[in-house]
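So, here come the structures, one by one.
Below, subunit A partners subunit B and then partners subunit C, in two separate complexes.
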Partner chain A sequence: MIKISNVRKEFQEIEAIENVSIHVNKGSIYGLLGSNGAGKTTLLKMIAGIYEQSEGSILIDGRVVYENPSLKQEIIIIQDTPFFIPQYTLKQMGKVYRSFYPNWSEERFKQLAADFNLDVTKKIHKFSKGIQRQAAFILALSAQPSVLILDEPMDGLDPVMRKKVKSLIFEDVADREMSVLISSHNLKEVEDICDHVGILHKGKMILERDLDDLKSDTHKIQLAFKGEIPQQLISSLDIVHQEKRGSIFICIVKGLEEELLTKIQAYHPVILDILPLTLEEIFLYEMEDAGYAVQNILD
Partner chain B sequence: MFELDVRSRKPIYEQLVERLKELIISEILKTDEQLPSVRTLAQQLTINPNTIQKAYRELETQGYIYSIKGRGSFVSPPSLHIQSEKLEKVKSELNKLMSEALYLGMNAGDLINMVNNIEIASKGGLEDDQNQ
Partner chain C sequence: MPYKTSLINKELQKLIFRSVGWISILQFAGLFFALPLQLMAFTEEERQYLFIDNLFSFQQGVQIVFTMGIPVLMAIFLFRFLQVRQYSDYVHGLPITRKALFHQYTITGILYLILPLVFITLILLAMYEPFQLEELFSLNDVGSWILIMLLFHILFFLMGVFIGTISGISAVQGALTYIGLLLPLGMLMLITTNLSYFLTGFSADYILDTKLERFSPLVLFAQISYIEVDSLELILYSSTAVCLYILALFSYVKRPIEAVSHALVYPFLKPVFKYGVTFCMMLLGGLYCGEIQQMTSWIVAGYVIGAIIGYVIAEMVLQKSWRITFQVKGFLIFAIVMVGAAVLFKLDLTQFEKRIPAYDDIQGVHLSESYYYYQDSLENEMPVFLKEADNIEAVRELHENIIKNRDYTGVGHEPTVYMTYLLKNGEKVVRSYQVDLNQYETYIKKIEESQEYKTNTNSIFQADPENVSELIIDANGTLPKRTSITDNNEIQEAMRALKEDIQSASYENMTSSKEPIAFIELRIKDSDNSIYMEWKTYDQHFKNWIQDHDLLEQSRITAEDIQYAYILKKEMIPEELWLGYTYSDIFKEMAKHENALKLTDKQDIDFLLNNASYSPQNEYVICYVYAEGKYDVKELAGKDAPASIVRHFEHN
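Up next is the complex of A and B:
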């Protein structure tokens, strides 16, 4: 389990992370979302033990990560630009990894290289961006880490490879209870892969929850009445956001679907649609709440 | 076995619970039949194993499946619970259809007649129909 409590990180004058706490359960896939410059990469690098936090604690299974080689043998991070030793082939990189990671499986390495159809004797820097990323995944998954940290992992992978990488990650989560941390701006992807999400904004966590719970207690409702919208109804709902388009009233409401239905149906609306929110919508509304929204140019 | 709609707004977990329920209610998955393992299903559908586990747990608390440690999950024998769920579904469909029928000009009397006729037909005629 990864436990981050009250972590702060500053680089000289800049405060990159201010007071962040996160829990990632063993075997969970955690999606870290956030605005540009929110501090996602800094946070991931601290969890991987690359940076040391200025304050607070980062524990993986109760152990401190920073400067702890025996724990780092179980952690792999794939950064937004994967790193390979210059001039090395995939086979040579495999040897380097094998010497660092005791869980390394040569068998898996060969299997994955064959699955991805990569030439292990070719120099990695001659591969395209997408194939270099595949190489990074092959190395990471062959090392069989207990924590896998991915910074913008799917960038540059084609849809076939995305599906393959996803199912390989799921396999390790199911078989070995590997914990995965993913940062991404592709919210659709995070929605499909992750079971927990956290949203980071300006160095602070503004939300951290089980994804299904998050989706089942916020809804988008479209309403229309024959006459005016009953004010009583509006004031009885927990409305996060509302707008009117012609005679249709659209609002984002907190609450369970069934309770909302019975509440609203009592007022006999002519149109009533309740839709679950997508992660993208949740993200946009939460960001709006945090004062980070797109200004409407037409206003 | 089945496909999930990843573009749908519905959480994958809910879709999964619904799909499996449908398969159990319609008896495509039979009593005591083993459900695919979390690992297999995660591979087949490319979805998070934790989501599948959660769906299985939910189905278990609702009484649709039972699990044996180390062996997997199996379909429970049909219970009153499942029957009542089926009934609720039929009721809501009838509700929709009858509202439509009323809107299209049928009246309550027509509907009641229809119901009576159906009841007679399904019971194989009136008890004393030889007298008519």
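Up next is the complex of A and C:
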């Protein structure tokens, strides 16, 4: 669906992008992670056809986005600080969207405005920041885009609203196979909705994973043996990270759960537990592996 | 998904109206006040005294300010979305091409500028008969008014739009728009004036001709009520407007959207801007110091200071802060290039300074004190060039000697030598030098005493005596003495006498500062034109003719008119008396002065009448007393004073 190949962007003081490739499938949600200044916003604005890349290609359904209005009719971006035309009410903004996006649903717009309990005749800039963000969601979702790009979308929303917004996004993904790109500097914020995650650091993509695979593929195991840990076992496992706490050996291992268990049980461990593993831990260990200190990359 | 290909997006139109509609209304209000309302307000009596060239004469200040301000304001507010990051990102995320956006915004902007002008024109047309406006101006005037207004509005607006596409800050957009409108003229003036410091003999005045304002539409429009815009300018500006539209479109399509809030969005423009500003300010500094004190040290100091100021200002604009570090390296490179260029100029590779056209190539020569004499002769359709071999040789010799002596006075407003060679191939070689004319008197005398020079420079030789309807002689003095001759035979005789006097005049006489006896006006038949000249003390033929016709008494002041005269040394009178005091004040001052010499002898007075002169170097002041309360004040040079006067003041 969205295919980004070897994209590079450089311009004076904006965050630069170096040789980034991403693939987002139709109907999936892609989380773009990275600290401030990593280049997330620049990349998203290129995907939305606002900036032009210096090199590489950005294709959506095989078509170039930049200066392509018929394609851009299906793409909506909500900027990190949502923008509304000065002095406009939500109703007037709705008219602007309706004139540009042919999929616009007036019905949905009214429904959403009612759901969020927003006064459509009040000037948007008089709303609080959180409400403005809701207004941006209402407009974006009413336009029913096939690609929705969200730059730090959860900032300024309270937990109830976050949940509401997330469920709305899920709904559209499920009903209309909408593809979503979400950027965030906080993994926890997006891990429950993304099915793919990429980590951008200083303009480079340092990690890209399918979250379902990742979770079923990586395990935290707690082991203890009578006597020493059999070296044979250790060398046969794909260990990402290991530590010893007294006689207890804790390791993070890649592989299918079933296979791992059979392998270990062959050495008759005294203790064998599979512990819950958060996504953050996986990244922490993976990136350590790749030679990055995670504190610098995600905050 | 089908892409709706409507050229005009209704919501975008609403948006444009909401953001710039007020500018149209403001413009309409301003022009309504300046024209229709003003016209309604005139009373019958006021109308009698109105002097109208065109429609710009009404409230021209308002019209000029609005025409210069509104279109630029329109460009700034219309393209405000380009200069605010979020707004710019938002608009460029919408499914519409930049081309479509540009056309829609720019054409709508032009429409909003045109509409008020059209409404005002319609109102004027509706008022035309009921208010009897035909007494004030014709319908043609209305036509040319709307045409010029449309052209300049659109031109200023498109300049603002173009600058908007290359700039990322609204304030910079506004400032650069006006600079852009002034730049061609400003650069021309700066470069030519500065060249005259570098190239001895270079005549800046010749380049900076009177039609200069056409190089800046802004300057031209400031003078719109009394300058005629010719069709060449109309074509020039219309095509400039078209070019600006295309350039702006091109620049907008290529604009890096991410460069919002940079003074200039295209990186390659930054050094152009930086060194451009430095260069202009350098020339301006040189010009400023050069006009104050025309000394090389001052001019060089002007260049250095100007360049530094320009460099710092440019850096401040680009870095958007006044707290900048001075980048020595860039400035040094600039300085080295400039010194190199200066050296190249001084080497005079084109031999500009040494060139004197060969005799065989010359068709004619012109010699005068400044370009303005040359220009005057051209305008009055007088012959400009001397073609006699002797004169051509004399001008060449003068030129050779000036170059050889290299002794230029170079002080601001001293008289200069201005010469133009007309070559046989039609080219002109123009030079002007600031020199001490006394040094070159032999050459100048030779030329100015030649009959050709005299015929060329005195209008009387160009006038057909048959065409002179009246010859008027006004005595030089405060007594109302005037002679009018209307008989054509007498006029012809008098003119012949005047011509003979000119032909026999010596250089010394021509250049003396003796007061003329009377002023002569030759009125040309069926026209408002006249030829003005003076009856000089040495004009013997004319004097004889006057005497023969018994007109002397009524044509000049004579000793008989004067009861007595006071004479005093100039320095004995407080200086401020010369400034703005009446003759009777001066008389009172002199009458009570103990050293004043009172002359009553008619012969003495006659001598004074024939020898008074005007010059700041004069030593004596004369006050004639015609009668109680009727005075006249003249001066006398020390060298012309008779011994009796000199003696009187020696003793006191």
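The rule is simple: the second predicted complex is superposed on the first by the 282 of 299 C-alpha atoms of A that agree within 3 Å, B and C clash if a C-alpha of one lies under 4 Å from a C-alpha of the other, contacts with A are read in each partner's own complex, and residues count from 1 in each chain.
Note that in this section contacts are C-beta pairs under 8 Å (C-beta built on N, C-alpha and C of every residue); 3 or more make two chains touch, one makes a residue touch a chain.
Remember, predicted model here, so these are calculated numbers, not experimental data.
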Both complexes share subunit A, so when I overlay them there, do subunit B and subunit C fit or clash?
fit
Look at A:67 in the shared chain and tell me whether it touches subunit B only, subunit C only, both, or neither; answer first, second, both or neither.
second
Classify the contacts of A:268 with the two partner chains as first (subunit B alone), second (subunit C alone), both, or neither.
neither
Can A:194 be said to touch subunit B (first), subunit C (second), both, or neither?
first
Just checking: does A:126 make contact with subunit B only, subunit C only, both, or neither of them? Give me first, second, both or neither.
neither
After the superposition on A, what does A:254 contact: first (subunit B), second (subunit C), both or neither?
neither
Contacts of A:51 with subunit B and subunit C, given as first, second, both or neither:
second
Based on the superposed arrangement, let me know which partner A:29 touches: subunit B (first), subunit C (second), both, or neither?
first
Just subunit B (first), just subunit C (second), both, or neither: which does A:170 touch?
first
With both structures fitted on chain A, tell me whether subunit B or subunit C touches more of subunit A's residues.
C
Using the touch definition from the top, say if A:12 reaches subunit B (first), subunit C (second), both or neither.
second
Closest Cα approach between subunit B and subunit C after superposing, in Å?
24
Provide the residue numbers of subunit A that touch subunit B in the complex, in ascending order.
27-29, 163, 166-167, 170-171, 173-175, 192-195, 211-212, 215-216, 275-278
List the residues on subunit C that touch subunit A in their complex, please.
1-4, 9-12, 15, 18-19, 86-87, 89-90, 92-98, 100, 256-259, 262, 267
Okay, in this complex, where on subunit A does subunit C touch?
11-12, 14, 42, 45, 48-52, 67, 69-77, 79, 81, 83, 85-87, 95-96, 98-103
Going by the contact rule set out above, which residues of subunit B touch subunit A in the complex?
6, 9-14, 38-39, 42-43, 46-51, 54
